[in-house]
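Naming follows writing order (A, B, C and D), and every chain is counted from residue 1.
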């Protein structure tokens, strides 16, 4: 069953195994006439790379991926032409010999065993298509969505922040759309980076929480009843590798609230900027948690594991959100006959 | 943009406004030859009705809905025939005069205002299509899914429980697939029911948490990378009216875990029975939280508000899960060429 | 597999068996704010009825169908509200006893046997869902599409004409968008009607050809490469019961043409008003042929068979075309970023 | 609006402009465990190449395309793994300078002008995405479908033949599933090849008719009411570049038939092997006509135009049919609960 296409009007179809020839995306439904910003694309790929957004190689996976994108179609003389935009990134530095023993020993905590059970015949090298490397295609799709949104919703801001990594947490009021840095608290950022450097050495790993702030989102996005904005955002984010929870606004915390208080204040924080499944025009606030990465001693010894997925997950989450928002802007064009 | 169809192979298309003529569902993709169990359908509709699963009218909305389904097509001599199954429930007891003033005064906390902003012209009576009454169609779809699953996965169990209502919580280990009752702790159930009866009188409302246990789920369900089982479940549940968070397994709690512990134990509870987006055959555990219902004094005075959505949300959640699981069983038929 | 939904943005989902409770349609994706024209809906249903568009009962099937539509949702105070519009027509005058013997004796030329082979368990009464009565739902969908098009493309004309019934043919130049009547040649119309009256008596039946003229169609409709306008039109029309061929412009005739002539004249008649899969703004011309109806002596004796499907097929074809054009107008809203 | 994906369960998403970097396809929904037959893929690409299936360079376009496919994903150790199979063919020998003048002078009969009108900004070189070169992706998709069908329907035969090129016609009884050669009549084949060689010299072009014979097709394929097999086949074939008509069985000829004769003989030839939209297990017979290629003197002088599209269209048609049949075999897996 086809399952590698995401979106309704603006869509991506992705492909590629970690140790195959290339990862890639076909973006279909992109309007013609959009300026293609190669720099933006490269920058987004760079943020997804190992090493804390490309800056600090001490942390995260030691795999050296250049991730140079090649645009195969859909762009002409610097602008989109309304046809599918295919972009690929070749896989280098594959060292697949590292993975040969996986064939007979599926790695604990990874998806190796469930894929073998499901498909019978799989590419076991480096997780194949279940590898985090699959997200390159999402980031490329998100980059193109961002290019379109620069024209359709120029003030839109989508920003993800780590608010917890293992035992280290930020306070609830430390984050807003103006915050900067992947951990928007200098002191805690340092603590976290130290924690991760030491985890990398010791073969330990941590999960964490990402909080996402969407500012200046257009109102009236969301299509009842099965494409509510909150449902499509949850689907997009829960579909990312290690993600195992999603909260809008107060999320789990709303369970304890009393209705008279909750609704009278009407803070967008509580609702998360979405009511009736439709964006209100207020700030959209979401949180997602990620499992600790599956630590494999074999990899850890070679210094090639990610002690925490969060730094690399942030640009992926942002990409998914850009795509959902653009798709909904395009869907909303047919909401009313008089517009 | 069409947005009222849910599912990929087994699908429902739903329609109906709270105070329109009827609510309805068209189930498309149901195989031929399934015994149509009218009793099961009626029982599921009964559970969704006001008054704690039809038993205690003191709690929840005073609206008296009979909800008698009429099957219009797709069933012949007691069995499905492979064509679309359309089922409607007429709206009675509409008292739409109660709602006339909403026209000029959108109710705080409801979606009245966002719908007006989005569509310009809406049916403002009782929330129109944003009313919780929309979920009747989901329950009817879920009932038919259950009939099919009796043949395709006869041991499957899907059970939702309230584990928190406002300030009252159950312990984490009180629930499993064998638990009974909507609050599977007699003492706390009584506390909660008293809380809600008093909330109803005082015009107060509460949110809460539902925990769902899926037992004997087939393994190998889930289609990477955009129809992972966890993503489709999140989409299904986050699409229900007041739901604002979704957790799989340890959910938010996994953020604090250390990888060495998390992965070595390999408890399905932690993963929630899904790895790599694919069911492992273990128990699937999920949690969802719901906002307090929007309390409207006008309604509260007439004794017609739900002080808590949870009792009625449980059968709706279960219905959505039955449909997702069936859809995935049907999708999986084409996973391998040798099966 | 779901297969009863038609369209991409503006969609219909249809249901109903000939001798079941009701036929129906759910129209999803209709914009809010469209004036709902009940008269137009009734008139379209009337045209589809037996007896030469409701006027002459001597010809075609003697089944007396009142076909009174009931709108269940999606319309409020005379206008659409952006939610699904469900409309049903109850089946009356079923005389299903006539059909009881079909159970053991599938009718030659009908689909009874292939349905039994495919689904195992079917509703054999009157063809069940393979009955021509299924097209009621398409006509209702087309009527709503027409209401939307009155606002989005007010000058659009879609007109179908019979240009051949059995041995009687019209000349190629007798038809254009201004023609009137189902056979736009008075003399031949009379001949044809006599032929059909006599065929009805004798248990004979005829096939025929419908030519369709679309005037003032918006240009730039069609989405390469798999939703070319011509492909979507062919799909829509070839999906109607007895239709077994589809031609655009010169159709089969173009095989004999020489390119230098064909392309230099550039008559829209040749191309049919579509080039590169996209409407040019010129007149769109199509033809479709229909098999003779399957004559069943048993039915013929009771005076209840249609000696020719064409008169009733014309409004169905027009309905399908209205829906395809509207869907494409809505799809085209996202063609360019600057519009 | 996304429009470059074809199929429901087994799907292709295609991309590429004639003079861009590469043409490509992403095949999604292919089951795991299928032997990947590289030779079959190369042979199918060869048949689509200019020069009468690669054999006679005298006829058709002089463009020298090597069309070497590169498989980027989805295949491991010679077998499919259930993930998307991406295959690209780089564009060589582009001579785009030939086309520079098109920018200001859209070629008559081509789609240049309608694309500019629709999208504003287009790749005008060699037709861009409206070029016949787009069909490479379809042929690659069809080749993979064929590999799967070797396991699921090993006796299936799909064969297309030219039965008319311009003025030269074959008789109706000269073709069946056992016929050989692109024109299965030696004498007429020579006549046609001479006609085309002379047309190439003189800048003339011809349309023609392709007849397709499907032998040993599984019965019970087709999903009523909007994915009838005949409708999906018509959609698939009418979506090919210059195709402007589609006939099943007797097609247009059935208009003159008398029902008593037509239905009593029950020849599959008449029905075309499909009744009620469902395959009966008999031979499926179809015909499609193609316009003369748009002759451009500028190109003709350089000896680079195709005097007739038919030789190259045949493998494309066959590819589309293989994909439709496979998709329907996969859809049919959920027809009945007892299978």
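Following the convention adopted for this analysis, a contact is a pair of C-beta atoms (placed from the backbone, for glycine too) under 8 Å apart; a residue touches a chain by one contact, two chains touch by 3 or more.
These figures come from a predicted structure and were not determined experimentally.
Q: Which pair wins on C-beta contacts, B-D or C-D?
A: C-D
Q: Quick check: how many Å separate the C-alpha centres of chain A and chain D?
A: About 38 Å, centre to centre.
Q: Rounded to a whole Å, what is the gap between the Cα centroids of chain C and chain D?
A: About 27 Å, centre to centre.
Q: Can you check how far apart chain B and chain D are, centre to centre, with Cα atoms defining each centre and the answer in Å?
A: 46
Q: Give the residues of chain C touching no fewer than two other chains, as numbers and ranges.
A: In chain C, the residues touching two or more other chains are 1, 3-5, 8-10, 14, 29, 32-33, 80, 82-83, 118-120, 129, 224, 334-336, 338.
Q: Is the way these chains touch best called a line, a ring, a star, complete, or other?
A: Chain contacts: complete, every pair touches.
Q: Quick one: which bits of chain C touch chain A in the complex? Just the residue numbers, please.
A: 9-10, 29, 31-34, 80, 82-83, 148, 151-152, 224, 330, 333-338
Q: Report the residues of chain D in contact with chain A in the complex, numbered from low to high.
A: Spelled out, the residues of chain D in touch with chain A are 1-5, 7-11, 13-17, 20-24, 26, 28-29, 32-33, 70-74, 76-77, 79-86, 88, 118-123, 128-129.
Q: Could you list, by residue number, the parts of chain A that touch chain B in their complex?
A: On the chain A side, the touching residues are 1, 3-6, 8-9, 14, 108-111, 113-115, 117-120, 129-130, 134, 164-167, 203-209, 219-220, 222-228, 230-236, 238-239, 243-260, 262-264, 266, 270-272, 275-280, 287, 289-295, 307, 331-332, 334-336, 338.
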